[in-house]
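Note that the chains take the letters A, B, C and D in the order they are written out, and that residue 1 is the start of every chain.
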Amino acid sequence: MADFTRQMPRIATVVYPKDLGAILIFGDIFPGAMVLEAGSGSGAVTIALARAVGDGGQIISYDLREDMIKRARANADALLPNTSHVTFKLGDVYQGLEENELDRIILDLPEPWHVVPHAAEALVPGGVFLSFLPTVMQVHDLTQTLRSQGTFDIIETVEILLRPWSVTSRSIRPAQRMVGHTGFITTARRCSRRSPQNDINVAEPTD
Amino acid sequence: MADFTRQMPRIATVVYPKDLGAILIFGDIFPGAMVLEAGSGSGAVTIALARAVGDGGQIISYDLREDMIKRARANADALLPNTSHVTFKLGDVYQGLEENELDRIILDLPEPWHVVPHAAEALVPGGVFLSFLPTVMQVHDLTQTLRSQGTFDIIETVEILLRPWSVTSRSIRPAQRMVGHTGFITTARRCSRRSPQNDINVAEPTD
Amino acid sequence: MADFTRQMPRIATVVYPKDLGAILIFGDIFPGAMVLEAGSGSGAVTIALARAVGDGGQIISYDLREDMIKRARANADALLPNTSHVTFKLGDVYQGLEENELDRIILDLPEPWHVVPHAAEALVPGGVFLSFLPTVMQVHDLTQTLRSQGTFDIIETVEILLRPWSVTSRSIRPAQRMVGHTGFITTARRCSRRSPQNDINVAEPTD
Amino acid sequence: MADFTRQMPRIATVVYPKDLGAILIFGDIFPGAMVLEAGSGSGAVTIALARAVGDGGQIISYDLREDMIKRARANADALLPNTSHVTFKLGDVYQGLEENELDRIILDLPEPWHVVPHAAEALVPGGVFLSFLPTVMQVHDLTQTLRSQGTFDIIETVEILLRPWSVTSRSIRPAQRMVGHTGFITTARRCSRRSPQNDINVAEPTD
């Protein structure tokens, strides 16, 4: 998967291997899961998700642009032995989701907070919401929306840094250049609905 | 998976979620793959691998210690819906591997260089060898053995750092404490056999 | 200095050695410089600055609180051979600065943007403004104020991470725990005054 | 200093500003100190040290190569208001040091372990030995030599990472590229002489 991602034509932001692995693990993607993804982008995340849920699972991948979907589908067809469990849909997830009983929602979109109220309805209890965002302000706005929604718990943000090493017979050291930043991964778990006022004590973590 | 790993009783070194994700992606684990793992440890890697290969794949998990295998099997039984594709074996992979036509070999062992000659025989061409090691000296010794073996290509080492963030309504900043180190991930790809002397030009990467 | 800082009683936020070194270098502190600092805090930055400017320089250290000044002065007296070039002043730098012809302004305050207009007047052309801030939002607000002021150039923010290593005869690896975050260092250089509308092309760097 | 270093012609390895600051702080350079440095290189470290010790201190800067010394001296003359307290010397510090009663020894050399026995003689009790090294193996060899010498205590290695940030009105995020590695800083403090066998309990730190 790492090799494949680096070879794929870069149409949208490409999600780096280090982040793909983290999305699978922190998104808790499991075989048989029903996963909604948006946007389809280049299809890199779609393919990783499709592999991880297996044939018994289901991937619904939304994008706003017909050409993106075409490209993502072509990449998926080329790289997956079977795509019968992957559905690409043209549509705007900010406006709403047609699906429900979703196990996981994985978003690589600039304004994921618009999806939060729809996700609160569409996710099963215990379902995971995951968003990949490049800037800190976006993380802030998303976190505030998730908190005030009152349906989400365990709201956490991490970033993953990959440090390559150079190892030769006489020299071992980190590589002199590295990728300094790709994006932040924010996750939240849908809990049983509570009234927002119960959240007062939950809200602000400190360390 | 992230949640699960943190809850699991710590018997052997626990592999952190950030590393589990990287092992799946940099190990290029795919549905249907035949994967050998050693050692079984707590079963955390076993379970992640079993999920990723799906029911159509196969996991053979070796450990030297009967009690480890017992524990890993108990964890796998508790956390996987189906373990018919997971086999635990008591044995010392430093001495040799009974399997062949393996797609992937994933090692969490202190001296993985002893497995390199056996891996060269047991992996299919294009098969991936991955090792997780805590110290730099071990990475050096493994890399030297992989290079001199003459059967492996694209020998690379990375480490993954996870930086947690603290996000509240008024404050956004990285968390004040973080895990500074878990281990290094070294990968290599088995190529078609070549005589070692052809390797002269491959050997020492620079950056 | 590193040793000393760790031993000092922690009254205000202590600035870590890694950040002290960066403040000296990115603040371009030189022998003979006239430096304004606020707040005095524990005196750790004051002492590092006093050493770096030497007896031929001058440190004016402001704090809002009498008790802080007392403590900082006691620490400075205990740790510097000579404090004749260090002046502590009770005062609120948000309201204005009595000094001018300052070479450097070093701020460890929660709302340094209030100081920007005063700094624009008090710094010599080429003078350096440096601020140490724990959260990203503060860095954003400060940067916006520095940009819109039209008197500052080369506005940059960095953070410094220190990774300790564990080296024994048999094992070399990073330490397993590290400090994940202390603060961000924002620097700007006072240029000759320009009208703000000339700034249109300066404004937004990309990488 | 940060600006200056980036402008300086790169003849030898240039020490980055982030490391210069750390060398001053972790090397505990103070006004009036007597400091031996090797090699002179481009003079960047020499100049930072000369500033930090002030006119009351003294810098002796060794290099093996006449042309390096010429260049370092030219840079020092151009950038320091006064160089009367800086002496450049042609010589091989692996063979021995002519100086004694040194407060600090700062080494940017490939095999600093050859200097350890000479440093043990030349440093005052409490004096600091600091070495900047690019690879892990070198750090290992130096640390082992410092430990077995029996004259040094508080032997520590750190590395400094600088992460630049991009801050605009609408976007705050780390820069997408960063320097992944420059070097490791190893420090040790000369204690009163002890017999090496007393070191058995000191030797191996764990975390």
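Quick note on the criterion: a residue touches a chain if its C-beta (ideal position, glycine included) is under 8 Å from a C-beta of that chain, and two chains touch if they have at least 3 such contacts.
No experiment lies behind these values; they were computed from the predicted model shown.
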item	value
Result of counting contacting C-beta pairs for A-D and C-D, higher pair	C-D
Chain of greatest Cα-centre distance to subunit C	B
Length of the line joining the C-alpha centres of subunit A and subunit D, rounded to whole Å	45
Mean-CA-position distance for subunit D and subunit C (Å)	24
Residue list for subunit B, restricted to those that touch at least two other chains	136-137, 140, 163-164, 172, 175-177
Residues of subunit C touching subunit B in the complex	134-137, 163-164, 170-182
Contact footprint of subunit D on subunit C as seen in their complex	1-3, 17-18, 20-26, 28-32, 48, 51-52, 54-56, 81, 136, 139-140, 143-144, 147, 155-169, 172, 175-177, 184, 203-207
